[in-house]
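Chain IDs A, B, C, D and E follow the sequence of writing; residue 1 opens each chain.
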Amino acid sequence: MTPSLLTGLLPEIWLGLLFTLLLVLDLAWKEERSTALGMVAAAGLLPVFPVLAWQAGMGSHELLGGMYRLDLLALFFKGIFTAAAILVLLMTRELDKTIPRGHGEFYLLILAATFGMFLAASSAHFVMLFVALELISITFYVLTTYLQNNVNSLEAGMKYLVLGSLASGILLYGIAFIYGATGSMQLSRIQALYSAGAPLPVPLLFGLFLVIAGLLFKAAAVPFHFWVPDVYQGAPTPVTAFLSVGSKSAGFLVMFRVIQELFIGQAAQWAPLLAWLAALTILYGNLGAIPQRNIKRLMGYSSIGHAGYLLIGIAVASRLGSTAVNFYLASYLFTNLAVFLVIAAFSKVTGSDEIKAYAGLSKRSPFLAAAMFIALLSLAGVPPMAGFFGKFLLLMGAVSEGYIALALVGAAAVVVSLYYYLQIVYTMYADKPEDLSPIRVSLPVRLALWVCLAAMLGLGIWQGPLLHLSLAAISGS
Amino acid sequence: MIHPALFYTVSALTVASALGVILARRPIYAVLSLVLVLFGLSTLFVALHAFFVAAIQIVVYAGAVLVLFLFVVMLLDMEPEALLRARNKTMMGVGILFGLFFLGQLAAVAKALPAATGKPLPGTTAAIGKLLFTTYALPFEAASLLLLVGIIGAIVLAKKKL
Amino acid sequence: MVTAAGPWIILFAPLAAFIGIVLFGRKSKPVSAGLAIAGMVVSLGFTLTFFFHSLHAHEAIETAVSWVELPGLTLEFGLLINPAAILMALVVTGVGLMIFLYSTGYMAEDSSYPRYFAYLSLFAFSMLGIVLANNFVTLFMFWELVGASSYLLIGYWYEKPSAAAAGKKAFLVNRIADFGFLIGILMVWNLSGMGGEARTLNFLQLEERLPEILHSGAVAPGLLAAIVLLVFCGVLGKSAQFPLHVWLPDAMEGPTPVSALIHAATMVAAGVYLIGRVFFLFWASPEALAVIAAIGGFTALFAASLALVENDIKRVLAFSTLSQLGYMVMALGLGGYVAGTYHLTTHAFFKALLFLGAGSVIHALHTNDIWQMGGLAKKMPATTFTFLAATLALAGIFPLSGFWSKDEILAVAFERNKLLWAVGTLSAAMTAFYMGRVFCVAFLGKPRSHHAEHAHESPPSMTVPLWILTVPTLIGGFIGIPQYLHHATEAGLHVEFNLFVALISTLAAVGGLGLAYAVYARGARPGLKGQELLSRLAVPLSRKFWVDEMYSWINQNVQQRFADLLALFERFIIIQLCVNGVAKVTGLAGSLLRTAQTGKVQTYAAMLLAGLGFLLYLNLK
Amino acid sequence: MSLPPVGLPHLIGLSGILFVIGLVGVLTRRNILLILLSLELILNAANLAFVAFSRAHGDLSGQIMVFFVMIVAAAEVTVGLAITVLLSRLAGKLNADEMRNLKW
Amino acid sequence: MNPVTSIILAPVIGALILLVIPQRQEGWIKRVSAIATLIPVALALWMVFRFPVGEAGYHWVHRIAWLPALGIQYQVGVDGISLTLLLLHTLCGFTGVLVSYRIKERVKEYYLFYLLLIGGVAGVFASLDLFFFYLFYEMAVIPMFPLIGIWGSGEKAYATMKLTLYLTAGAVLALIGLLAIYAVSGTHSFDLIFLEHFLRQNPIPGDLQRWLFPFLLIGFGVIAPMWPFHSWSPLGHAAAPSAVSMLHAGVLMKLGSYAILRVAVQLLPEGAYTWLPWVAGLSIMNMVYGGFVAMAQKDMKFIIGYSSSSHMGYVLLGIACLNPVGLNGAVLLMFAHGIMTATAFAAVGHIYDQTHTRIASEWGGLARQVPFIATVFIMAALASAGLPGFGNFVAELLVFFASWNTHRWAALASILGIVITAFYMLRAVSTGFFGPLNPRWVKLQDATLFEKVPYLILLAALMLVGCWPKLLLDMISTSTPAVLSHLDPLKAVARL
């Protein structure tokens, strides 16, 4: 069926309504109850899934004069964003105490960022894209700085703001040149201009690389990654988590839209560069993570490493590679959120993010330790966890396109990453704790963790459904 | 497109003011230099038939955004920054080097730009407004949310008590 | 009874006994001894039926099952019965049975008696396997098993470090020898295929093919000699020929019946038996035979000289065994297949008798030192008499069994190589001397210790086997063993009785005994003049020519140093440098990379721009 | 005095100069507020490019983009200034290179 | 239910059941584990008895379409080679559970990881799909980390990390090789059976094979462990708890050589021709170097550990011969050595649990105090030294025969190797078990009747095979021709 404006935009409309509802409730409810708003928001996001599923049957369409695109890729990523938002909202429960004030607004901002991601997923026009990306970015600037009394949080926010705005400026400048070279900012129209194999004119290429640079910044790839460790460490844990899955996914999605969809025929002009960057990013992230002592900072470096893996999928410029990116992002979502859920639950009780504080966690909370163990293994890409299959697909894509050296770098980095992940595991399981008091985990976090665990194992063992979704998302676009 | 005399005069002024933004020791001078830049650009916009944009450049940008800057400068009572030569020379070097390189690239790019094809289409308020409320309705809505986020953010962050 | 199953029963009866003891007899002395003896009786019985059968039917009986069957390699597990095998099996089961019986008395007080009998049965099984095997691989398997069971038996009193060490030494020396043996087997295997047929290790097939292959000229004489000498390596180990003789004297740490069984009658004879078994192969390479004969002769003389000054009764016998084995090897090396095997048989009886006699003495006196004995003739008449009979047989006094077999060897030597004959005769004289010395010191004169004064004759379970073994010792020369053996192989040299040689050797024997009697007979004691003289002259003898010292030096300073060196290499080069080095470098790279993360936002911006510039430069230049 | 006619390259050149000046400002100014100002320069450089291209192509979407950029800039500045105020309140300093708790 | 799938699933299901058993119900935890590992033994034995000797190809194949889009299917089955190794694995797995009954600390987690490990390893041997092959391969590596890290001893932190990283490094390297085969063959299928047939008709170009082979060789060689990538293994053995050492040395190391055989040699025969002579050369280092290093060790587990890596050289040599005898020898040796080394580790573990030292010279005279364990250890030592009657002898003999005419020097080294083995093994026995009893250990407990069971099972298996190798050889030799059938017939002539 052909979607109307209402049915096509239904998820966004629902999100807008939810936003409004929250705004009203925040004003109506007393401060003490405002923490419940997060649960309301999480529950309110749940209906998005069936809506997305329903929309999946509609086929690909452009709405609003080519501003908005409804296709499977967009829906796939909206699913990812929704899931991420729900889990982050559940995680926020653990942080109620640390956030000094403005709980209601916190949830509002998360919803706003989600809204931005939705728009980014569906945007078919550079104007739309820019606004959506800025909506995401600016929301995250605020969220990162949310712990007003915490110098680190402020510093992180400042750095993110400065560097993020710089990247936005570069991105914007790039868009200008694409516009200048093609005379349009409509993606489908630009796509139609160049047939496969035709070389891109210099101005377009110039603009394209500036845009790529701006997007690589979001994706946290070398050499645009410098903000990542600092911001990850300084930001409130749920924000870091959302940043690592939501914002990063958005970056890759847009990169896919802009590079892959538009210029797949000219892959020879950009793919080698991305392959190099992928290798560098993988190495940088994984090597830099080795000496880290703070788990959030370590996750920052790890996140850089994963961005490198994902870049492989873009660089190989094949269906397999793109499928792999989709699969990887979906599995990475649950995996990474599981880690951050544990971090949040742990630091709520102990107040520490230092890795050595995790000593003996398996005795203090077997559940948290086990969840962390499984999640770290999944991050490292060990079967039967979901992370494994994602990496498998990426390496498969690389090898299939003849990027053997790149695949070797990726493979070597698996070993390095296993080293620092397993250091944490060893600390949790084999080291003696200083404090033996058990760690209590609140129900929402417990629930979220179970979801993540189920997803990690489920997607890792029964890869079929997600694989087909990932594949369909590529084919349908 | 534009009369050369106008263009060169305005650009010289604009570039000079832009340099003022990054060189002025006193923050207040820097802000005011930026206002000059905005005015210069607005002039060019008009010359390029982008009337609506030129208008809001003055009204919104210079009139609101930069005033905000001024408020903060006043509020925080900022001290003048150190002299140029006391600043980080490496940074300066990197910046200038990159700048020269970038401009070099840009020169090559500019040469390859397609010749102007379209006939001038005046960017009047009516024309822009019509587009904004039809084709660009969704970004427009998103922009409103963006502003809302900015407001919420500013309040949550900077206000001492909520 | 002479059926296809017969050989299997001979072989497996002791194994069944072993398994029975392990399963049911671990706690009970009578059950374990009973099972072991029953196993031997069954084997002996079946061997005897084969023996009587073979008296009128000379053809070999072969029976085999396919053990490994792969494309290109077929290995059988099979048995081959021919006169030599029957004779050897008779020795093993007959002497073995006597020793088993004797052990029930000798070991009566031992706490792990069942273990002892289990080991004995295992050993008997392995030894019979060597005797009966029809191909090299089966033989090699039992060869190794014999090594292992002797390891267990020598180290039976494992709590004594010297016993444990001796067992280990025996096994290891044999292992070194087997290194060559195994290579030899592999080369034989290749050799067998040179005629174009599928390769085989079966003795009969080899014997059949060898002439053809040699005739075709495909095999260089040097290669053949190498093959033979490699196979002979195995003999060097098992039969303790120089330079691998070192394990045998130490092996005396085991219980005395074990020494009798392993180090007199059976295991050490296995090497000689092996040469006989594949004599067709050895016979084909005269060059190799010459080397073998020389080694045998040298060992005979060398070991005899060591025995001259030894004071431990068992060690004297051990050196004597070495010397006699050297004799046999020399005989075979000279081509005297019958002579060598003949001596092997008679020696088995009288040397076992000597060991058991010595055991009887040790059992009574709890010492091995002959200078702690003396005057036992009156107190232990049965032991004395049987020991004397065996001594005389060993010395080669007419008409005891040793005379005939030794004489045959010397006759062969006389015919083939006068130098070796002289060596043989000299060692015969020395043999007579040291045996005379032992007998005189231990049994004659007055008791020289408290224990010797109160010694009693051993129980019948020990003396009866002595008496039984005396019989073949006395009459072994008249029962037609050489004639019987002629049926076994065509190869080899046949010589007639040579009166001159017999006279000379008898003179040597009598002379040796007489000298010994003259020096030691009357109340001999350690401080005696002759003894003193001899040992002072013979420091090298008492140190056994430092061969042991040399080996242990090599073991400690070459082998172990090399191992330590490699261990250091492993630790520092492989692990520290290569493995940990990679890890260190990786970690270091990480630490270096993180320094880019200065914390200054503008540095970040600058690097971001530098990266962007590089990116643009690469793509737009 | 006859100047060559002003075309697209000139405008792009001006925009590029402004862009670069903005970048240098971001790198060299120490005060966060002034860094934000430099960022505004960058955005304006882009705006000029958009308008120039819009004119060249005879297409209004470039001008609409400028409109949205202004909104974005406004929001960004709001948040940026809030952070600046917060920093001066909490840390008492506004120099970007002095804030380096988070490093390595 | 397909027996092969059941072998893989039984331990995994056992692990799931363990999840719901409370930690304090140790009895039930152990019982469930024992049953979950006993079922595979029974199934493996059943298949061994029912194995259609002489019928080449895979049997009891179980196939489920998994990801058809990528050419991935769940496909398991056995041939003579893999069934032999499955039997080995199930035996070691079951006896390992029994040996682990002494574990006191965190019993539930221990058995959980242990069962997962068992399931993973079984999966590798049974997989007939390259994807699942790799999946199980890595799954088998990871449980080792906590098993050694938590329940291990000595330098466990270093050992477990080194082991995991090393094996993973090998695995990912091999993965790239596997993916390359997938890509290069053009079949877009991971189906091993299909690939075998397809590549027999349409071999990958020789140059490409020579490029790809090292990936698989080194990748799998790390776990084999091929010199110089062996150093993880003795250390890992030493630090691991007994049952894990058993499984690790007994089974895990065989994964590497099995994979080389099954994947590398079978799919890349040209590559095998070029590279296997090098492997034969390296195997010399394994055998001789490993033996000498073992000779310099003082710690019992290190002695056995280096001995293991030394003896795996024989397996590599057997494979490098590329003839039926060598392959049979290699597979048989994998079985025999696995059982033997498991026995030895179990015995050492039994003593270590009470003495808390593994330095042989600190033991002394234990044969008096723990006669059963001593006997077991001596038997294992003799088996390792190649005593007839134990499976090792037959297998090593086959390797000698196979390599004598193909790799003469390596054959000599291998024969020298068993001499060296005898040296250090007997010395270990002498120092540890013979001589007067060290008075510190008068309270040492010998194995109880129950504790004897695993040893008896293992030794019985070892001797059965040693005395009657045809039990397994018939099965193995049914399947070896398939491995060699890819080889160029001209080159395959007379390689024996």
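One rule holds in what follows: a contact is a pair of C-beta atoms (placed from the backbone, for glycine too) under 8 Å apart; a residue touches a chain by one contact, two chains touch by 3 or more.
What you see is a predicted model; the values in this text were computed from it and never measured.
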Next on the checklist: Between chain B and chain E, how many steps is the shortest route if every step has to go to a touching chain?
Outcome noted: 2
Checklist entry - Tell me, which chains sit next to both chain C and chain D? => result A, B
Item to check | Innermost chain by mean C-alpha position | outcome: E
Checklist outcome for this item: A count of C-beta pairs in contact puts on top the pair B-D
Next on the checklist: Between chain A and chain D, what distance separates the C-alpha centroids? Give it in angstrom.
Outcome noted: 27
Item to check | Euclidean distance of C-alpha centroids - chain A vs chain B, Å | outcome: 31
Checklist entry - Whole-Å distance, chain A centre to chain C centre, using C-alpha means? => result 77
Next on the checklist: With centres defined as the mean C-alpha position, give me the chain C-chain E separation in Å.
Outcome noted: 36
Next on the checklist: I need the residues of chain B touching at least two other chains; which ones are they?
Outcome noted: 88, 91, 94-95, 98, 102, 105-106, 108-110, 113-114, 117-118, 136, 139, 143, 146, 149-150, 153, 157
Checklist entry - In chain A, which residues are in touch with two or more of the other chains? => result 127, 131, 134, 138, 141-142, 145, 148, 158-159, 162, 166, 177, 180, 183, 202, 206, 229-230, 419
Next on the checklist: Among all residues of chain D, which ones touch two or more of the remaining chains?
Outcome noted: 8, 12, 19, 22-23, 26-28, 35-36, 52, 56-57, 59, 61, 64, 68, 71-72, 75-76, 79, 83, 86, 96-97, 99-103
Checklist outcome for this item: Contacting chain pairs, sorted by label, are A-B, A-C, A-D, A-E, B-C, B-D, C-D, C-E
Checklist entry - Which of the residues in chain E come into contact with chain C in the complex? => result 162, 165-166, 228, 231-232, 289, 292-293, 295-297, 323-325, 328, 365, 367-368, 382, 385-389, 393-394, 397-398, 400-402, 404-405, 411-412, 415-416, 418-419, 422-423, 426-427, 429-430, 433-437, 469-470, 473, 477, 481, 496
Item to check | Residue ranges of chain C in contact with chain E within the complex | outcome: 66-73, 75, 137, 140-142, 144-145, 148, 151, 155, 158-161, 164-165, 168, 171-172, 175-176, 178-179, 182-183, 186, 189-190, 559-560, 562-564, 566-567, 570, 574-575, 578-579, 583
Checklist entry - Hey, which residues of chain D end up touching chain B in the complex? => result 3-14, 16-25, 27-31, 33-34, 36-38, 40-41, 44, 47-48, 51-52, 54-61, 63-64, 66-68, 70-79, 81-86, 88, 94, 97
Next on the checklist: Quick check on the complex: what are the chain E residues that touch chain A?
Outcome noted: 66-67, 69-70, 131, 134-136, 138-139, 142, 145-146, 149-150, 156-157, 160-161, 164-165, 168-169, 172-173, 175-176, 179-180, 182-183
Checklist entry - What residues on chain C touch chain B, complex-wise? => result 602-603, 606, 609-610, 612-613, 616-617, 620
